[in-house]
Structure formats: structure tokens, C-alpha cells
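To start, the structure itself, in C-alpha cells.
Each chain carries a letter (A, B, C and D) given by its place in the written order, and its residues are counted from 1.
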Amino acid sequence: MKTETVAMILAGGQGSRLGKLTKHIAKPAVPFGGNYRIIDFALSNCANSGMNDVGVVTQYQPLILNNHVGNGSSWGLNRHNGEATILQPYSSMEGEKFFKGTAHAVFQNIDFIDKKNPKYVMILSGDHIYKMDYQKMLDYHKEQEATLTVGVMPVPWEDASRFGVMNTDKTDRIIEFQEKPENPKSNLASMGIYIFNWDRLKKYLVDNQAKDRQLTDFGHHVIPAYLRNNEAIFAYSFEGYWKDVGTIESLWSANMEFLDPEHELDIRDRNWRVYSNNPNTTPQFLTESAKVTDSMITDGCYISGEVVHSIISHNVKIGKNSSIKDSFVMPNAVIGENVKIEKAIIGEGAQIHDGTEIIGSDDNIEVVGYDEEVGGYTDEN
Amino acid sequence: MRTKIAPILNLVEENENLKPLTNRRPVASLPFACRYRLVDFPFSSLSSIEAPSAALFISGSGHSLYDHIRSGATWGLESSVGGGVFTHSHINLKAELEDPQYQGNYYDDHYHYVSRSHAEYVMIMGSNMLSNIRLDSLLRFHEKKDSDATVIYKKIKRSEVREDSIHSALIMSEKDNDKIEGIRPVTDTTDPNDSLLLNMEMMILSKDAFLNYLFKAKKENLDVSVKHIITYCHGSEHNIYGYEYTGYLKVIEDIGSYYQANMDMLNEDNFNSLFYRSNPVLTKLKNSAPTYYGKHAEINNAQFANDCEVYGKVENSLVFRKVTIAEDAHIEDSIIMQDSCIEEDVHLKYVILDKHVYVKRGAKLEGTPDEPIVVAKDSVIYEDGTIEEGE
Amino acid sequence: MRTKIAPILNLVEENENLKPLTNRRPVASLPFACRYRLVDFPFSSLSSIEAPSAALFISGSGHSLYDHIRSGATWGLESSVGGGVFTHSHINLKAELEDPQYQGNYYDDHYHYVSRSHAEYVMIMGSNMLSNIRLDSLLRFHEKKDSDATVIYKKIKRSEVREDSIHSALIMSEKDNDKIEGIRPVTDTTDPNDSLLLNMEMMILSKDAFLNYLFKAKKENLDVSVKHIITYCHGSEHNIYGYEYTGYLKVIEDIGSYYQANMDMLNEDNFNSLFYRSNPVLTKLKNSAPTYYGKHAEINNAQFANDCEVYGKVENSLVFRKVTIAEDAHIEDSIIMQDSCIEEDVHLKYVILDKHVYVKRGAKLEGTPDEPIVVAKDSVIYEDGTIEEGE
Amino acid sequence: MKTETVAMILAGGQGSRLGKLTKHIAKPAVPFGGNYRIIDFALSNCANSGMNDVGVVTQYQPLILNNHVGNGSSWGLNRHNGEATILQPYSSMEGEKFFKGTAHAVFQNIDFIDKKNPKYVMILSGDHIYKMDYQKMLDYHKEQEATLTVGVMPVPWEDASRFGVMNTDKTDRIIEFQEKPENPKSNLASMGIYIFNWDRLKKYLVDNQAKDRQLTDFGHHVIPAYLRNNEAIFAYSFEGYWKDVGTIESLWSANMEFLDPEHELDIRDRNWRVYSNNPNTTPQFLTESAKVTDSMITDGCYISGEVVHSIISHNVKIGKNSSIKDSFVMPNAVIGENVKIEKAIIGEGAQIHDGTEIIGSDDNIEVVGYDEEVGGYTDEN
């Protein structure tokens, strides 16, 4: 079967607002929800939507991300007709090819896309938490005979000035784009999800490159260029849970929302599963002294303390008389005895020694970095 | 280092005393410790020494086993490199069988597998001796002793196996403690406090010794079993040694020992011995979500797999994947297998629920530590405790 | 697009007339065209519509089939996503079977597979109708017609199948050419030149229609077969249509048709129709080296797989992997399966060598186009033409 | 089992002496021997030697190479304890990380190696044709208690000045290294294969980096630095077929040698198989008019012409009355009718139209590039 659509997941960004959580790993590889990494949502959406040809564009600290995505087999994206491919900077006869922006990353990978020879290219971001049927958006794109369809979602009017906003006419055609406008004319925020007709987009990217005017970014350069040329750009409205976990606070609150068994993301829905590349580990062991309520615990955990309203990722150890509340603990963290943690994110492989207290607040979530050690002899002050 | 070893998994194992759990699965497929099946343990041992292939001999159709093992990729048994998994189902023990056509296949299958494997050694294992063996240590012992055949044993109390156990014990030479001089049924020992050296029915032997035995076995219509090979080695000029295993062991020979093995995992020493002190235990990965524990959940010394939702009280129990336990349900000293659903106000104690059992609101069921109640797959348990058995 | 389809491969197929090739393998495992097995064709059709899972029903142990299919990864049937391959071996046709215990499993296995598959449609296929079906076109036809069940057929001459063929033909409605009105045995047609619409024993039907049939089948002890479902649909209110297949087809029902199907591949039109005009045919990949043709090799209209060494003369023949043909050997109109070794001065004509046959220097063997000589697996052919059969 | 050794296959080079054959693909990905790419030999050596942890360092035009290597499953390198990982340029907090040389590529991937925490690091080149048991070299390295072992092979004295040459004492300890010396003192040529003790090598790389003296290249910088510090460097002599296919002529002649059924590389040896990532294709079809002698043909080929002393890779079509002699035809090439090809390399997917003649000589092998069209209406001159 010929490839109709290539999905490009842009996963190269650092996500610097996540601070030490993205020092050594790219944002889409940040752990989420006990058993996942952020990119699992975009990859699972691709798999569930039948978009089997996926390019994952990576650049910043990609080791863990690449290892996680592998050949895509965890998401069923390693078929004879469709596969996941990691795309990273490379060199060529023309020189070194780093990716300077979202559109530039696509420009640098024209060869990859051309090899698949698709009719459409779908641009996705690797760092959003949501469930979406991309096939429906593609159907809409075809129906409207659009050359570009932008995924949008209505946001509260008071928040609209924080987003790229799309003003549409009555037919949902986009007639204006405002990046973080002071006085938004619309509350339809761009989700950073685009469907392009490939031949058209390629022409824009190549022609402008030839004129030395690089179209570096989709929002800043490509959409305005499309608007200038009166292309058929349509807005596709998405209703449902969608979250950009770009800051410590939003990462923490997205996890707390995820924890709710009534949450609309419904992680247990067998018809739209979120896949991940899980480790082979032991069952979760809750000992005699454990007390666990309103929490998610993952395989490989050994829990002797108290856990309230928290997500504990795989292979975490929690010692006796420790208490974890309103927190998200990433995989392989080791928490000693008599530790108290509240409103915090504990990084992968962190070690929290006996007797330590880590107390955050709603406005100031405490963060312990990956492999960081807190308390104990090594850091006694 | 990739080991030049041809493993044979002899999974034609006695299962009468394990019914109804073995009604539709071999012993090797028995679920264990929330996430595993018994066959994961020998496979994980083999994975650690990077065995490139394995031959399986199974009685019955092996349907559940095939679906678990698939290509063997979990344990590094790839098909395009090294050989992969060779499966032989509907194997009967020779003693039970008169039809020479089937017997021909039985020996030929063994012969072809071993002769084509480029291996120096043959390893024979089963699945009913639950343990986690470091095969690299065994291999070093075998080579250091310049042994033709080395059998794994463990020192146990007579009481650790059934009174009428079908297993056997080794007799070691007095001159050389490591040398096997003979073999006898464990039933020869009657005092429950006596020690004996249990034959764990796992052995390594040189390819030549194995092929020599096979030739004899075919002529005399013998099973390819550790017991018979020990006897054969004594009759011939082969050196045969015993290698002592000191980790966790449980002989899975009836419902009682199966129940106890699972309960043993709630003891940290046993749990660590089996899962953390030796090879990592690998099982087929399934996509899963974390387990959710509700606002009023009460858990006390219990193990769970991912994908559960627990709102009630669970004590001294093991819970497999995709189990729901409603509020005010109370599970004690029980094993709840995959896909079971337990409604409100249920009370289970000393119970084993096989897969996909539905327990209706208010039902109470209580066995004893020695005789836990076993509920077959797909059953429904009604409020009054009556059980409608799954088809 | 991933298709919401639950495929059932009914591989309990008549094999009496294919012996000795089917002595130790089902029809689905028959080697074909140098690199394939018959089951690759339905699997490749399923792969093209991205079927996420498949259930296999096999008579016998299915050993050779399991080793070929493994996890089904070749055809995109991954186990962690979508379900993978579910295998049910030692299935007997209902008519032959009286033991209700087995019958229970048979219907339950079908039921569980389909009901848990999240599918909208059920596809039933076999392996003995060699063809390459575009299932996406079938699906479109099925949906456009708003059909409950659609059966694939091909217009053939009566002479294209055996005189005593067990297969059946469709009778179409006169009002609506696409609608099936009935079914009859092909043996009802006696003139070899008459046309008939062969029931290819492949069909798609709605999940509801399938489950309704299953309920009835269990009550009345019927097989899950296309023939029975057609009859059922007429008895009920279900719409049933026929979908015409126009590509290459061969009904593999005896040694003659099996031989002819292979020889057909040496004709470019047939070869292209089967391999290049529809779905790519996928088979389990094996690591291999290119085939080497020696300085005096003479080849005329023949096909080979990789990994051979050919020094002699080969005409109108098909040669599988890892075959060696020595200088001055002469192979004509023959099928040489994997691992065979042919020494100098051998002459074979109208011969089928099963796997791993050793032909000694100077041996001559000649069958006829209608009755090729079939040499069983592992045999040795001596210089005087005597055959020592493989065990 | 702990990782004892990480093997780093350096596959980033362009191989510019291969001209148009490496314009769009890296040298290690160049097809070889009908069914292989050059890197298959190094990867198969790793697999057969039980070196399961392999980093494949790519940089130049890596798309085909990465796709070929995938997750290493074709070589059995995707196990629980051992895997193949593609390492490509990336960015980090410290900036963009391109690889400026063999040692620099290892320096940039210190994080990857440290994660595996090996005792030894083996450095391999992705562009040599040979079969070698790396385990034996490692055993030698341990026996000698070396901190660096260099794989060497004796070359004819007259050729020695074309190589990096190792002068050894009587214990095989290397006491001098000469890069392409005019008057070589030894005929032991470096094969570009090294085993280092990882902690020692890492110290060299990091310390020198700190002093702003980059150790960019193993031959030019690292070995001299080791010699200056009197490290225990030993030479491990390899006897057997070894070929650097760095030029058109050597690529051609290596293929012609490979073709010989008596060749010592023995591609059919079941005890040391060369694995590859092969396509799923049809049997090879030799029609009535085909005439094939002293040649290798691969699955998927359709041959109606004459083939003499040549290697024809998979999915090649050769029309009637065409004749191919002393040539290497790469995969998916289409050769029309009445074509005559001698002493040539035909690139992947090339199209040679009816009636074309491509005749090279021993000194001047003709090359047709990938996807190039020769003859026919499109190029009639």
C-alpha cells in the first residue's frame, strides 16, 4: 500500500523551562504518568490513527529518546508497510545539517519524506499530552480541499493571548494568524499540529531556501507565507483534553490530573491505548507497613511507606515511615526511611536519603534532578 | 559471550495433582507471582548465558505456551540468527506409548536439533522445579571438573516434597563429594526431617554423551530424562557430577506447593533470592498502565501487577494483571489471576481464582492454608457462594 | 489505515491426495516457488490491509507451521500491539468428532477470539486456494453492497479441478449477478469444458453475522466453514454476495495440482500475476548468501532461491534454498526442495524431491508430467535408482 | 550479565574516493557481494564474537545506513543484555556535537559508553571486508595486560608505506608508530582496530579536552599520546583476508575476489555467518534465454541475458541479448536489452537503457551512479 501520509514528530526541542529535568534528556523523553514518556502520546496517536510512517526528528540529548523509540515496535510501527524512523542531524556534501526550527527540520529531511513519496505530511509535536484521531483530521483536510489544515482548540478567552491564535471565517478557513496577541480576535489556539499537501509545502521550503529566505518556523514563517499567497488554510477544532507540559508546574499538574480515575484521558480505554516501551521488571510489592491510597503504582516498585495522591513510576523503592503526598516520582528513584515528600517531582534514579524533607507548594513545586542525591552523608547541610 | 549450548526443555511434566489449573495448560504455563509463567525461569537462565536456540517438548497442544513464547525474542532467541525456538507438541512419554511411528519422531527430533545446533553442550531443563539457576557458574563447574554430565541438586528436607513425590534424590560418592554414585526415589526416605539431595532434573552434558545416550534410548525405548541419563552414565564410562544449588527452590507438584510458592514471594528473602540475586527474570511484555489504588484501599503485604484497579482491602495476597477489586471487598491469603473482577462486599480467604473469574457482590469463599479453594477459569461466583464453572 | 478485521485461518484442510508431502506437515506448510509456503499468501493479503491479529486453526501439531509463523512479525502481527497470532492446534472437523469436551473448545476459541478482537468484520481464509487477493478491494465491495457476507469466487473450467473434487461452486441470482443464491458441489458439473464459479472458501462477514452463525453451529455441531455459512445465510435474513477474483488461482488438492502450480510459476504471466500484480508476498526471512552458478552451469527457464551452488544443468525446474547440484548433473521439469544435494551425473525428470534428499552419483529417476515421482524428506537415492526413505 | 566490552563501529565517514557511489550514502552502507552492505562484515564479526553491545557512529548521509542497521535485530544484536545503538550528531547544553575525527567521535559519545560502564572499549571501522574473532583479540589484550591493543596485519613491504605502520619489540609491544612512512621499519599495518581500557582512554580524552588539546584522531593523536606516556600498547596480528574497499578499483576487485567459490572469506561457512538485513523478495528467475556462468545471482533477479563472472544483487532485471561480464551490479538496477557491460559497477536503482555499452578496463572501472539513467531517449548523446 502506498504511503498516503508521513507523520513528522518534532522531538528535537530542549524544553528549557523544565530546568534540570531536561538537562540531559530531551523534553519528549521526560517520564510521565508512571509508565510513560511524554512522546508516547503522539506515537500512540499515530499508531491508533493508522499513521504508520513516522519520522521522529531528534536533536537535543537524544540518547534516551532514541533508545525509547527504537524501531517503533512498542507502538506497532515496524511493519512492512510503515515504520518509525529516527531523524537526527547529519552531514552531507552540502555540509552539516542541524535543525534551526520546526520548518527547517522538515526542510533538512526532505530526502526522507521524498523517499516515502506521500501525498500529505502531518506535523506533530512530541511534547503534548492528548488523545486524538489524526485520521479524522485528515478526512477533514481532504473534504475542505485544504492545502494546510491547522489543529486548533478553543481556550478560555483570558488565556488566548498566551497562544498562537487563528482567526477564521464562517467556513473555518483561517484568514489571520496572531502569535501571542495582546488583544486576541479569536480563542482558537494552534496546537502545533499541521497537515500539509507535501508537494506544495516542499515547493515553499525549497523556493524560499533558494532565495536565501529560510522558512525556519511553521508558526512564524510558513503560515504567514501561506496566508500571503491565499492558500486554502482551514482550522480543525479538537475537543478534548490537551496539555502542553512545558513547565514544572504544568508537568506536575498534568500528572495530578492523570491520576484521577475519572479523568477524560482514560488510560485504561482498550480502544485507544497508550503504548510505551516498558521495562521487564518484577511485580509491585506493598509490604506490611505500606499504606497506599488514591495513587498509581507501577511494576517493580517496593513500597514500605505511605503514598497519598501520587504517581510512583516503575522500580521505585520507598522505605519505612516515609510519606509521599501530591507528588510524581520518576522511575528508579530510591527513597529512604523517614522521608517526607510533598508537592514534588523526583527525577529518574534520584536518591533521597533517610530523614530528608522535600516540601513544595502549589506555586513552587519542588524538583529533584535525575540521579541527584539529597540528604545523607554526601550532602549534610 | 555466546554459549555453545543446545537447551532442551522437557515440558512433558506430571500435572494430575495440579488440576484444575492444568486442565487446559501444561505445568510450564502456570501463572506465577503476578506477572510470570513458570517457564520464564528456565528461559531467563538460558537468556543470561545467551543460548541461541531452544527445543521444547510439550505434551498436549501447547497453545498457551506458544502464545506466551512466540518467537522467543523476549529471551534473545531470534529466529534469523542462531536458530530460535523449535517446538514439538503432543509428545508422550515413551513408557506410555507403543506406536513406533511417534517414537521415531521423538528421537529424531532430539537428534536433528542437537546435531544441527553447532553446540558443544546439551542442557536439559524442566519447569516444575521453580528456581533461578546461574548457568554460567554451572558451566564453569562442569568444565573445571572435566565432567561428561553434571546434574543440579539441592539439599532439602524430606518434608519439602510430597509424601508420594515422584522425584528422585542423588547419592554422592564418599570419596568425592561432587561425584554422583547413584539415584533413588525420594520415597525411599521416610523420616520427614531427613535431608536429601533432590535431583532438580536439570543437567548439562557433552554433545557426545547426549548423542550416545540417544542412540541407546531409541533402541531401548527410554525417555530423554535426567533420571535415565544418570543411570546411563553409570552404566557407561561417563563421569557424572552433581552441582549444588543454594537459592530458592520449590517443587511444583500439587496445588499446595503451587499455592505455597506464590505465598513464599511475600517473604522478602525468598522474593529477592528468586528475582534479584541471580538472573533477571524476563517474561513476555504486555503494554500496561500503572495500577490505581483508590481513596479507601487498604493493602497489607501484597503484590500486584500493573493494570489493576484496587478499591478494597487486600492482605497477604498476589494479584495478577487487569483485576478489579471493588470497595469493601476483602481479599486475604489468596491468588487472583488475570482479568478477574471482584465486586463489593466479597470476602475471599485461601482462594485461588484462575483467569477471568467474576465474583458477584457479597460472595464469601474460604478455604484453608492446606487446601485452598481453586476456582477454574471463566467461572462466576454468586452471592451465595455457588460457583458456575467456566466452559 | 488499520482495518477492523478479525481473520480466521481455517487450516484444517484435506491432505490425503498430497501425501507423502503432507505426511508431516499441513497443506498450509507446503513449500512453494523456491522460497514460500502456501500460508504466506493469505498472510500477505492480511498484511496488506494491516490486520492486527489472526487466529489459526490447525489439525495436527502444526510444528512446521509454528516454526514458520513464529510471532507473525513478518506480516505485521505483533504481539504487544493488536493481539498477534492465536494458534489452536489439533482441531478436528466437527463431523468427525464426538467428544463434546473438544467441541466446546472449538466454538469457544472462535467466540473468544472474535468477541475480544474489537473487530467489525470477520475474514475466513484457507491456504489450499493458491491466489493473491486484494482484501482492500473486497472490503470496499462488501461495504458498498451493504453486504452481510461476501464470498470470493473465480470463474474456472470444470477441468481445472479434480474429477472427484470436494470443492463447491456458487449459484448466482439471475436478478442480481452479484448475489449468491445457492451452492452446489463441483461434481454436479460433469462436462470438463463447462464453466463454474468456484467457491474459493474465503469470505468476509460482519461480526454479528459470524457470531449468530457460531451460536447455531455450536447447537447443531457444524464446522466453521464458508460452505456452511453460505447455507446459513440463506436460511436467515442475511444478504450474501459473491466477489469475483480474476488473478492467478490454483486449487492445491493433489500432487498433480501442486506440481502444476509450481511449474506455472515458470510462465511469466502467472509469475507476475501472483507476485507482482497484487500484494507483495512476504515470507519468513532467512539469512542467506547469493546463489553461485559455476563455470559450466547451464540454466534454461528455471527459478532458484539464494544459498544454492549450481554446477550442472537445470531446465524447467524450481530449486529451493541450500541445494547443491554438481557438475554434469541434469535436472529437468522438477522441484528440488531445501537442503537437497545432487551429485555428479544424476538425471532427474518429472521429480519432486522433498527437503534434504541426497541423490548419489549416477542416479536416474524419471516420472511423467501427470505423475511426477515424489521422494520423501530425508531420503537417499542410490545410483541404481533405489530410494531409501527418510525416517 | 555486566557489559565487559562496548564495540564502537565508526561508520561516519564519507569515503570520498568512492566518488558518486558515496554522494548520497555513507561508505559503510555501500552494497557489496550481492546481498550485503560493507558494514555487515563488522556487525557480523561483533555478533559472532559475542560482542553484543555495539554503538554505530554515523554522521554522513546516514538515512540508508541507519535504516539498514535498525535495532540490530538482523545480527541478533537486540537482546536484553546487549544491543546495537545508532549514535549520530546531537545538541546539548554545551552546544552542537559533530564528530571531527575517530577519537573525537568517541569523546562526544562518552555518555553512551559510560551508561554501559564497560571495562573495555573496542574501536572498529565500518568499512572493511574481513572475518575476525574479536574475542580472541580481547583475550590477547587481557593476557598482555595491555592498556591498548592494536590490530595489525603484515602487508608486503613494498606496500607498507601506504599504511600506518607499527614497530614492535620482541614481545609484540608497540614502540613506535609511523603514519605512511617513506622508509617503513616494519610491515605491520594498523587495521584501525583498537581495544582500550575504557577508564584510561576516557581520562586521556577528557583531560586533553580540558587543556584545549583535542585528541581528534586515534592514529594521529591518541596512539602518539599513549606512546609518549609509555602505556602498554601491544600489537595483535591478524592473519586472513582483510580489505579496505576505499576506492572504486578496490571495491570492484574485492567483489571479484568474493565471487570465487574457493575464496577464503567463505561466505557459506555456517560457523561464521555474515548476516544482513535482506529484503523480502521473489525467487531468482533465469529465463529460456538466460546464460549464467561463474556468477552470483541474488533473490528477486530476473535474468534474460548473459552473465559471466559477475555479481548481480537482488531485484536486478537484465533483458534479452544483454551481456554482463566482470561486473558488480547493485540492487534494483534495471538493464535493458542488447546492453553490453564489462568491468563496471552499476549503482543501486540505475537504469541502463537498450543498446547501451559500458566498457571499463582493469585500470579504469566504469561506474554508473545510484538511480542514474544511461542511454535511451533521456540521454542520447
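By our rule, a contact is a pair of C-beta atoms (placed from the backbone, for glycine too) under 8 Å apart; a residue touches a chain by one contact, two chains touch by 3 or more.
Everything quoted here is computed from the prediction, not taken from an experiment.
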{"item": "Selected pair, greater C-beta contact count between B-D and A-B", "value": "A-B"}
{"item": "Label of the chain whose CA centroid is most distant from the centroid of chain B", "value": "D"}
{"item": "Chain centre separation in whole Å, for chain C relative to chain B (CA means)", "value": "37"}
{"item": "Chain A and chain B: spacing of chain centres that average the CA atoms, whole Å", "value": "42"}
{"item": "Length of the line joining the C-alpha centres of chain B and chain D, rounded to whole Å", "value": "45"}
{"item": "Per-residue multi-chain contacts in chain A, two or more chains", "value": "73-74, 80, 275, 280"}
{"item": "Junction residues of chain B, two or more chains touched", "value": "73-74, 80-81, 280, 282, 285, 287"}
{"item": "Interface residues, chain D side, partner chain C - complex", "value": "33-35, 74, 259, 261, 267-268, 273-276, 278, 280, 282-288, 290-299, 311-313"}
{"item": "Chain D residues within the chain A interface of the complex", "value": "14, 23-24, 58-63, 66-67, 70-71, 73, 80, 85-93, 96, 98, 111-112, 115, 280"}
{"item": "In the complex with chain A, residue positions of chain B that touch it", "value": "33-35, 74, 268, 271, 275-276, 280-283, 285, 287-297, 299-307, 309, 318"}
{"item": "Contacting residues of chain B [partner chain D, same complex]", "value": "1-2, 47-48, 50, 52, 73-76, 78, 80-82, 118, 136, 280, 282"}
{"item": "Residue numbers on chain A that touch chain C, as the complex places them", "value": "1, 47, 50, 52, 73-76, 78-82, 135, 270-271, 275"}
